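Two complexes come next, and they have one chain in common, subunit A, joined by subunit B in the first and subunit C in the second.
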Partner chain A sequence: MVGTSKPAPLNHVPRSMTSSPLRVSSPRHGCPVTVVTAVQSGAAPLSPEVTQTGGGAGMKLLTHNLLCSNVRGLRPGGGFPLRIQASDVSVRPVPFNAAFVARLVPRLRWGALLEAAESLGHPSELPPEPAPDYEGDEAFLRRVHHVLLEVEVLEGFLQCPDSGRQFPISRGIPNMLLSEEEA
Partner chain B sequence: MKKLKLKELESCLQQVDTFENPKLLLEQYPTRPHIAACMLYTIHNTFDDIENKTIADLGCGCGMLSIGSAMLGAGFSVGFDIDADALEIFNSNIEDFELTNINMVQCDVCSLSDSMSETFDTVIMNPPFGTKHNKGIDMIFLKTALQMAKTAVYSLHKTSTRQHIQKKADEWDVKMEVIAELRYDLPASYKFHKKRSVDIEVDFVRFSAKKLLN
Partner chain C sequence: MRTRLLQHSNAPLHGQRWRGLLLNREEREALRSHHLPACTVGPRGSPSRHGEAAPAGLTAIGPPRGWPGSTLRAAGRDKMAGAGRYFCTAGRGLEPFLEREVRARLGATEVDCTAGKVFFSTEAAPGELRKLKSGERLFLLLKKRTALVGSRNKGKMLHDIKSLFIEEPKYWQDVISIWRNFHGCEGKKDDVSQENPSPLKRKSKERDTASKRQKTEEQVRETVSEEHQTGAGERCVVPEDSQTESETSLADSSKSSGEKAIANEQLNFSFRVSCRCSGAIAKVLTSQEIGRAVGVTLMKQCGWQADLRDPDVEIFLHLNDVHSVVGIPLFRLPLANREYIKTAGLRSTIAWAMASLAEISAGAFVLDPMCGLGTILLEAAKEWPEACYWGADISDSQLEGADVNIRSAGLMDKIELLKASVKALPLPSESFDAVISDIPFGKKFKITKDIQVLPDLLQEMERLLRVGGTIVLLLSRDLHKRMDDITKCAEHDSPDASSGGTSETTTAEALHADGNSSSLVNGVEESFLSSRQTCFGSLVRDGVYGVSLGKTDAFIYKYKKICTAGNQ
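Presenting the complex of A and B:
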């Protein structure tokens, strides 16, 4: 990865970028979907064991690892980790990006990740702590990649550990909206 | 990874489906593909804050900025928005573009937990400006973004609020850099708009610090 770059002088970017003239948006009927070839993401070919779901991505465990309950009045740290009660879990292949996964490892809340994977019936086969030489261990990084990014929760609930409040997940989207009394 | 040209990025973003019935009170309008492309291109090429990074998109709407980030090699993006209808469109966009490294969360950004400190490398957002009985909402979005970001926050704010934001940034010990001045050609997306389009001057700003909030 490129080292830190100093901000380029402003002549790299137009000082005033006017947006293009008003265009009436029209439905996309008949427009072929643009396939972007330059991008790392994009569904890899499916292996027979893996179920591909329709619809957008379900909630990944990486997202779960970042989310805290937003219920008011919790004890410090009382909002994490949210307990997952899943009724629909699937696995979707995601292209493996070793550099990205290696960057993530030290920032993950490791215990919560392992626990979440177990609770979904997808035990991670990961050690209780990352080994010191994890960066060079591709097999390890692939296992991390799998639980973080390929296991998805489509339907279920996230439960706040302190308050017990349940947040529904539907079509892969957790709904953390609080009621007026709660907010 | 083949380098994506600005024109290519903009062209892809023109395929992003946007709000069918934008909600007035939420200040919903899509970030124009041209603006989104220029923003993201700069964030990526000048500052290297997208590729292999985790990105949060606050007030993501139909996902224009998240999708553009994915196209530029973001490691993982999460969009946050209050409106289920917008997220449904975002979800179908993700499916159409066959993107696998994007998630979304329905929530009120103003009520996000303040324990999500430095959970993302970069926050990229086009927040509501606070023009619809929600004055001050832009600053709440900004404060939340600064808590959540490890490295930088990229945001759009009305030029008329620049001084006020600069003051806040100083208070919060945050460095503020106006990267570009844009003129928003806001289409007449609401039925009551009398003019065909409304011109608003908008700053594209980068916030960073030796020390972000928390």
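Presenting the complex of A and C:
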């Protein structure tokens, strides 16, 4: 990966793995589903204490919460949320700032966040909706902080729910560029 | 021509002209109480002095306020605790930004904004001073006088210049001890009372500084060109690049006179003179001649040795039609060199200035849709860390560079990258508080498509922006001209175009059409905003700032998105 202090060999074994990289969403509305074969190694269940040292800045779920498919001809809202198929996920601790997280909460698409966290094997223990007094609930804010900012997807795919189009994530950077025909 | 100062919504408007020394009443009074001349400069830049009888500009006035030779030392206070007087050079067009920054960051007082320089007093420590983001180099102010009168007599002029440096020995000792305080804080070699460091040590230091210089060479050259005084005057080579001829000649002369000058064992000190002159003086004397004369004077005065490669202290002398200034640079590297940026794209001072216009508040979502190496995001995230930043680019190599930059700066928690095209960003509407971008057409990087895409870009940025959000763009001169066409078209299309606003729009455009080579386009007053004249859909122009990129000019545009029928 770019910029890591220890250069990672090409076929490096990801140090932390999601337990279900092959989450395949059930076909909806007749969209074709592409099964992505992902490298799976180590089935150790992920716990927040497992940290990855060295490089590893990946796509956060905060970013995923914003990303939508820009493929043409989708139904309104059909481009969101993108389904994550991750082959390399890491957890990297980020300093917690309650006020900062509290500001993020109202801007989040909550359902998409929960779904994404689940799909990465990080069930978030978050309620279906933020409670009205969430600002003062530190435990809640810490859980939000964790799934939103500390879980990162380094390699994998984001799939448009409507069209099935796959956007690769490589070295933590999602490639959302469309080809000439798609744009 | 007039430049409007940067408008922060809460900041009072100062009646200053950046080009002259017109001070506001408060500053004039402050200066008067410390016996410095308060000069007003007319529109043509010719100073008119109040109550000065002595030869132009060189009245012995007494030490500036805060100088150790005055009350501070007498009071026995630690020099650092008192206010020092400084000046900071700035790229053309960035002076208002720097002025605002010194007030905000350093609580500066007696701020005097002139072309290319901002003078100020502050009690801030060197660590704080080092954090200035919109300046080029920071100097301790030693002397500031009104401009020397240009006369044909070289000898007389040299004499006048040299007299700036003739002081009691104690004066220069004080200067050195203050300078040492600063460098002590910075952790440089601070014990200059020792013998000369061994040749080996010095060589290794030279190697370091040489490599640093190589890295910064380009930037230093840019610094030189940015200091170019507009109007008449030759732009002189600043002997910061040690390969210039002027420096070798100074070295030769120093060898001969150096030996006799070593009187004071204590001050086994080396120095270099950097001289810049422009305007009337430059017609008579070259910077090399002046530098040489001053160098010799200082050697005789203080017993210092001239060292062009790696001096202990650098004496900076700037002579132009407005003033004569003597200073000592506080830091070896320009402020514009950021230790947290590995590979610079856009000049960091301009990137910071743009970010400062974007009104980034806590919890804001900020996007740079053509981020390149991420310079703008890095500057913004460093200064306003309580926000979330995203950068998008179509180029793998740029994104890779940005990734390295972000990791090197330790800002991985703040800035996320995407590979995406600005024409179709995979982001929802009205989701960002600020969109900041350096539009790369016609500058360093050529974008694949035509300049025609500009309206599309604007439209996409407008879509992404929340109502009340801010767009800040950096446009080349060509694009700047084009913007007027684009916004003219949009006015006709926009359903909210109010007839009352057209007259103000024409005024604004007339100002932009001002074709002076030295033109720096004006900022637009808040009254413009209040007219709610939309320039493009729901975007209202809230300021245009002309800045120098070194070889070319560019324009920073600020837009606000307002609530319209379309986006309610």
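Observations, loosely collected:
Simple rule for what comes next: the second predicted complex is superposed on the first by the 131 of 183 C-alpha atoms of A that agree within 3 Å, B and C clash if a C-alpha of one lies under 4 Å from a C-alpha of the other, contacts with A are read in each partner's own complex, and residues count from 1 in each chain.
Definition applied: a residue touches a chain if its C-beta (ideal position, glycine included) is under 8 Å from a C-beta of that chain, and two chains touch if they have at least 3 such contacts.
A quick note: this is a predicted structure, and the numbers were derived from the prediction, not measured.
By the touch criterion defined above, A:177 lies against subunit B and subunit C together after alignment on the C-alpha atoms of chain A.
Of the two partner chains placed by the overlay, neither subunit B nor subunit C lies in contact with A:120. Shared-chain residue A:144: touches no atom of subunit B or subunit C.
Touch criterion not met for A:153: it reaches neither subunit B nor subunit C.
Between subunit B and subunit C, B contacts the larger number of subunit A residues.
Judged by the touch definition given at the top, the superposed model places A:108 against neither subunit B nor subunit C. In the superposition on chain A, the residues of subunit A contacted by subunit B and by subunit C overlap at 2, 55, 57, 59-60, 62-63, 66-70, 79-80, 92, 94-95, 97, 99-100, 103-104, 149, 171-178, 183. Residue ranges on subunit A touching subunit B, taken from their complex, read 1-2, 4-5, 7-8, 10, 12-22, 25, 28, 31, 33-43, 54-57, 59-60, 62-63, 66-70, 76-77, 79-80, 92-95, 97, 99-100, 103-104, 149, 171-178, 183.
Residues of subunit B touching subunit A in their complex: 1-4, 8, 11-12, 15, 17-18, 32, 34-35, 38, 42, 46-48, 51-52, 54, 70-73, 75-76, 78, 82, 84, 87, 90-108, 111-113, 115-116, 119-120, 177, 179-185, 187, 196-197, 206.
Against subunit C, the residues of subunit A that register as touching in their complex are 2-3, 55, 57, 59-60, 62-63, 66-70, 79-80, 92, 94-95, 97, 99-100, 103-104, 107, 149, 167, 171-178, 183.
In the complex of the two chains, the subunit C residues touching subunit A come out as 362-363, 365, 386, 388, 390, 394, 399-400, 403-404, 406-408, 412-413, 416-421, 423-428, 431.
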